[in-house]
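Input: a single structure, listed below in C-alpha cells.
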Amino acid sequence: MNPLKFVKDRPLDLIAIGRLCIDLNANETNRPMEETSTFTKYVGGSPANIAIGSARLGQKTGFIGKVSNDQMGRFITNYLEKNDIDTKGVTTDLTGAVTGLAFTEIKSPDDCSILMYRDNVADLKLHPYDVDEDYIKQSKALLISGTALAKSPSREAVFVALEYAEKHEVTVFFDLDYRPYTWTDEAETAVYYNLAAEKCNVIIGTREEFDMMEKLLNVEESDDHFTASRWFSYHSDLVVIKHGDAGSIAYTKDNKSHRSGIFQTNVLKTFGAGDSYASAFIYGLMNGKEVSEAMKLGSASASIVISRHSCSDAMPTEEELENHMETAVYQQS
Amino acid sequence: MNPLKFVKDRPLDLIAIGRLCIDLNANETNRPMEETSTFTKYVGGSPANIAIGSARLGQKTGFIGKVSNDQMGRFITNYLEKNDIDTKGVTTDLTGAVTGLAFTEIKSPDDCSILMYRDNVADLKLHPYDVDEDYIKQSKALLISGTALAKSPSREAVFVALEYAEKHEVTVFFDLDYRPYTWTDEAETAVYYNLAAEKCNVIIGTREEFDMMEKLLNVEESDDHFTASRWFSYHSDLVVIKHGDAGSIAYTKDNKSHRSGIFQTNVLKTFGAGDSYASAFIYGLMNGKEVSEAMKLGSASASIVISRHSCSDAMPTEEELENHMETAVYQQS
Amino acid sequence: MNPLKFVKDRPLDLIAIGRLCIDLNANETNRPMEETSTFTKYVGGSPANIAIGSARLGQKTGFIGKVSNDQMGRFITNYLEKNDIDTKGVTTDLTGAVTGLAFTEIKSPDDCSILMYRDNVADLKLHPYDVDEDYIKQSKALLISGTALAKSPSREAVFVALEYAEKHEVTVFFDLDYRPYTWTDEAETAVYYNLAAEKCNVIIGTREEFDMMEKLLNVEESDDHFTASRWFSYHSDLVVIKHGDAGSIAYTKDNKSHRSGIFQTNVLKTFGAGDSYASAFIYGLMNGKEVSEAMKLGSASASIVISRHSCSDAMPTEEELENHMETAVYQQS
Amino acid sequence: MNPLKFVKDRPLDLIAIGRLCIDLNANETNRPMEETSTFTKYVGGSPANIAIGSARLGQKTGFIGKVSNDQMGRFITNYLEKNDIDTKGVTTDLTGAVTGLAFTEIKSPDDCSILMYRDNVADLKLHPYDVDEDYIKQSKALLISGTALAKSPSREAVFVALEYAEKHEVTVFFDLDYRPYTWTDEAETAVYYNLAAEKCNVIIGTREEFDMMEKLLNVEESDDHFTASRWFSYHSDLVVIKHGDAGSIAYTKDNKSHRSGIFQTNVLKTFGAGDSYASAFIYGLMNGKEVSEAMKLGSASASIVISRHSCSDAMPTEEELENHMETAVYQQS
C-alpha cells in the first residue's frame, strides 16, 4: 500500500530546497587526487541531484536555492533550466559568496572520497525572505535535505518552507544527508534534524543518521521499529532506514515494513547512489506505486548512476530506468 | 479554573534556563546617563529575575545557565545561592566570555532605557551538553525565555531542555521576552520563537511579540483569539497576551478568557515589571490558584518591583506580596 | 640635556591617539569585586589619561579616537571637552560598537586587578580615513599607545598617523602600554610594536615590554643599553625603561643615562601610575626640562594619582604638582 | 650597472615566501566559463610561480609557506620538490584550511579573468613561528609578494622574515602583486605595502600599485621619479615601475633609468606574465647582468609563458630562455 496522499491539480509535482553546488570529478580514476590532473565540472548537491533525477523522470520540478553571482552560479542555473527545472525560486547571492565545490577522488570503486570547499558558500545564504509562500503552495511535494540546516540563514529558510508546506498540505520528504563538515557538533545537528523531522511526512536516512538524532535524547540502542514509531507520533507516514549493503527497510504508519533488493551493475564510484535512489523512489511514490515497488525503482536508478562518471548528469530518464529494470539482474534482499 | 496540571513529588518546583547577567543601575535618577556617576550592581536577566522571584515566594527553584569565569560570574552564582536557588545546573564558561551587562538609565518613570553589553557573553555559551536530562526530570516545571534562543549554542541547549521536559512531563512556561539587539533579523527570531512555542504549555508575551511571530507566516491581522487558538493546536493550555496599559488577557484551552487589573504604586522605573509579574503568576498557577487570581498576584508583584531600584533584589517574599495585596489600591481592568 | 626638539608655533602641543574608555572603579575598597556593590564611572584608557594629565598641566592638547554612539561615548567626549581637550579628531562609531570598560578591584594597595570588556569596542574601530593629515600637522607632538595597535582598523590608523607625523616633523612619543588581552599572541604584538617603535622619537616602556619586543628577534638577554641603542639606530632620541620598584632609567642618543627617584605617598591603588608619569614627563620635556628633571615631574604626578580613587580625574594641575614637589618626601633611587 | 650586491657562499640563492595555491585552467578556451567543462590543475600563486621559474633557470631556490592538509596541499609540495625547490620551510596547516583556488577563464587573449576561492586558505595561516631565522640566513635573497600581507598571521610572518633578512644581509625583492579581493580596503593595503617596501632592496610593481600606496599619503600626481626616490630614502637600490603596453622603467639609486622592450609571441592568455618576468629578471640580476639586460630576460620569459596554457608549469629553463632570445623578434620600447 502507498500511505501517501498528494494534493491534486498543482502546477508542480516537487520542489527541492537547499544545496546547489559544483562537483569537480577527476577524469583520471583509480588513483589518489595528488596524481590526477584534469577535472570535469557538473552540477551537484544532494537536493540538486534529486531534482534533476526527478525532472528526468518526467516530474514537474522546481527549486528554491541560492547561487553565487559568478560563472559557477550561472552555470548551475543554466543547467537546471536545460533540465526543465523551474528556477523561479533560485536567487543570486549579492554578498560575495562562492559556489560550494566537491572535488571527487576515485581510488577504487570502494574507496572514494570528496574534498569539499564549503567556506562562505552561496547555498547557505538562502534567507527566509527568499522563500515564497505562494510558490510552495503550487507544489504537491517539497524535498528538504539535511545540509541546508547546517547554517543560518539557510537553516531558518528551511523551517519557513516547512511552515508553508504544512499550511498548504504540501507533502514533505526529508533526505537526511548528514555531512559532518558543515556542522559545529553532533548536538547541534541532532537538534535541528529532530525539529525538522517532526514536520515531515517521509524521512529517508541511514541507520547511523538516525542514531545521531537519537543520541541527543539519550536513546542507547538502535532499533528500526522504535525509530520509525517515534516519527509516526509526529507527522510521518513513511520512514526509510538504510543499512548499507544489508539493504533498506521502509516502515509505514500501519506498522508494516517493506524491503527491496539491488540491481547488479559495474560500479565506477559510490557517489550519487543515495540521491538517485531518492529521486526514483519519490517518483514511484508520487505515481501511485506500492512502497516496495518504489524502492525497487530507487535501486534501479542507483545502479545506473554508480556506473557513470557524474551524479547529476547521470540521472536516468523514465525510458532508461524502464530498460534497466528489464535488463539488469535484480537480487531481492 | 486552573488548566495546568503538575507532576507531584519532585524535589524542585521550577527550573529556569537562560540568561544570567548583571544590571548596573544608575544611583542618580531622573537624568540622562551622560550625567550619572555611580551605579549599583545587581543580578539580572529575565529568567534570573523570575527564578529569584520564585524562590522568594517559597518555591523550590533551580537554574540552568552559564556564567563567566570571573568576579561577575562568581557574584551571580553566590547571589543565587543566597536566595536558595539550586545552582547545580549553573556551569562556568572557560572560553573567556564575559558576563552580559545592562546599564539602566532612568530619565523619568516613563522614560527608561537600557544600554546593553551583549558581545561574547557567557550566558549564550550554554551548550546542549550542559543540560542534564536527570536534572530536568527532578522539576515540576521549566521556564524558558526568548533571549536564550538568540544565538548558538544556547539556542540548541534550550531545544534540548524542551525535549527532556516533554519526555518527563515537565510543564513548560515560555516568557517571550524579545530583545532585538541579540538577534540578526525578525525572520530568524520568529522561526525559533515559533519552534519553541510549539513545545510549551504556557506562553506569556506582549501583543507585539506575538505579531512578530505571526508575521513570518504572513498573518496580517492581530487577533488575540486567533493567536491563542494557534498554540492550543500544539501543546499550549494557557496563553497570556499583554496589551501594556490596556492590561493583559489570558486564554485557556476551554476557550475562556481571563483578565486582571493593576495595583496603584509609586513608579520609580518600568524595568522588571514583566519578570515580577511572571514569577508571581507562575507561583499562583503552581499553587492551585484560578487564572485570574494568579494574574492578580502577578500584578501585585509587578507593582512592588517597579517602585524599587532593582529588578532582582526587589522581588517580594510571600509575606510582602500578601501585605501589598491587602494594602495597595487595586483597579480591575 | 634635553635631546628633543619641537617645531614651534603650532596651535597644539600634543595630540594623543587611541583608546578612550570607561573605568568603573569599585567604591568599596580592600575587598574582592564579588563583594563590592557600587562603582564610580570615570573616563579611562592610557592615552586618554595622558591627554587629560597633559591638559591639566596647561598643554594645548587634542585627541584622535573613536567613541560609541551612546551615553558612554557622549560622556567621554563631554569630559574631554570640559578638560579643555580639543575633540575635533574624535569621531563616533556608527556600527554598533560599545565603549570599552575596565572594572577595577582594589583588594589592597598592592593587589589590584582589572576586569576588562574589550569585545566590539569603538576605540579599535578608528579607521585610517578618520586620521586627518591637516590636524596632525597642527601639533608639536603626537602620543601613541600600544593598545591602539591591537586590532584593525585602529592598528592601521596609528601607522597612518605615524606617516603624517614623520612628514610634518611632529615629535612622536610611544607609551608601550602592552595589555595582552586584546592581542592574539606575542609574535603579533612584537611585530607591530617593533614596526611602530622604528618611527618614534621617544619610547617609554617596562623592561618586560622591551623583552617581549626583542624575543621575536631571538634576542636572549635583557640589556637596557642594547635595547636603547637598537632604537637609536632608527629614529629615537630618548628611551625610558622602567624597572618597577627599582626605578626607571632613561637613555639618550648621546649615550648618557638618567635616573630619578620617587615621592612618598599613601598608596590607594597602583592604577594610573604609568599614565600620570608619562603625562608629566612629556610636559617636562616639552617645556625644556632636563631629562632627569622631567622624570622627577613624572614621579611626582604618579605619587599624586596613586593616592586617589580615579586615574583620569585625579590628574594634577600645574599648581598641585608644584605644591606636591615642595611638600612630599623625595627619595632619589 | 647592476646596483645590487649579494652575500656570497650561501647554500640558497633565493627563498620565496607566501602564497601557494592551485590554478584550475579551463581546457576549452575562447569562451566564457559558463560554457567550459574541464579544467587542468597546476600549482599557482605569484611567489610559487616565481620560485618555480627561478629553479627552472638553475637558481638554488627554497620556499616558506603553508599548505592544506589534504590532496591539494600534498600535490603542491610534491610539485615544488619535483622542480628542485627546497620545501623545508613549507609547513602543513592543521586547522582545516583549504588550498586557495584560481579558476581561469580565457574568453580571448585580451579578455581573461580569474574566479578566486580565497576563504579560509592555508597560505594565509603562515605564522611568525613558522619562519625560521636560521633558514633565512642561508639564502642570498628573499622574495616577498603583496598577497601574503593581506591577512594575519601571514602578514606578520612576512614582517618577521623581513626582520631576519635585514639582520643577515639577505637582499629582498618585493613583487607588489596587489589583488584587491583579499584586502579590506585600500587604506589597509597601502599601510602594509608601505611598511614592507621600506625594508626592501628591489621593488617591482605597476604604476597603479604605486599610486595606491601613495594615495594614503595624499600624493596626488603619479611621477615615476618621485616614486623611485621615495624608496631610495629607505633601503631600496632599484625600483621597477610597469606601464603595461607602454613597457617598464627601472630606476637605480644613482638616479639613472633603464628600459627594455618586448618579444613578439602568440599570446594565449595574459596570466603569468608578471611572475615569469620577475623570475627571469631576478635571475639576471643575481647573475651579474646589467639592469636593462635583466629586464630583457624578464621580457623573454614572459613572452614564453603567455603563449602556454599554465603559469607555473610553463616556466622556461635556461636553455629554452636562451633559444627564445635568439629566435624571437625583439622590439625595443
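Brief remarks follow.
Letters A, B, C and D name the chains as they come in the text, with residue numbers starting at 1 for each one.
Convention: contacts are C-beta pairs under 8 Å (C-beta built on N, C-alpha and C of every residue); 3 or more make two chains touch, one makes a residue touch a chain.
Here's who's who by UniProt: A, B, C, D = 5-dehydro-2-deoxygluconokinase.
Being a predicted model, the structure only gives us computed values, none of them experimental.
Taking each chain's centre as the mean of its C-alpha atoms, chain A lies 41 Å from chain B. In this assembly, the C-alpha centroid of chain B lies 60 Å from the C-alpha centroid of chain D.
Chain centres here are Cα averages; for chain B and chain C they lie 44 Å apart.
Contact of a single residue of chain D with at least two other chains is seen at no position.
Chain contacts here close into one cycle, and each chain has exactly two touching partners.
Contacts between chains, counted with the stated touch criterion, involve the pairs A-B, A-D, B-C, C-D. Those residues of chain C lying in contact with chain D across their complex are 127-129, 133, 152-153, 156, 159-160, 163, 167, 184, 187-188, 191-192, 194-195, 216-218.
Of all residues in chain A, those touching chain D in their complex are 24, 27, 32-34, 36-41, 70-72, 74-75, 78, 98, 101, 103, 105, 115, 117, 119-120.
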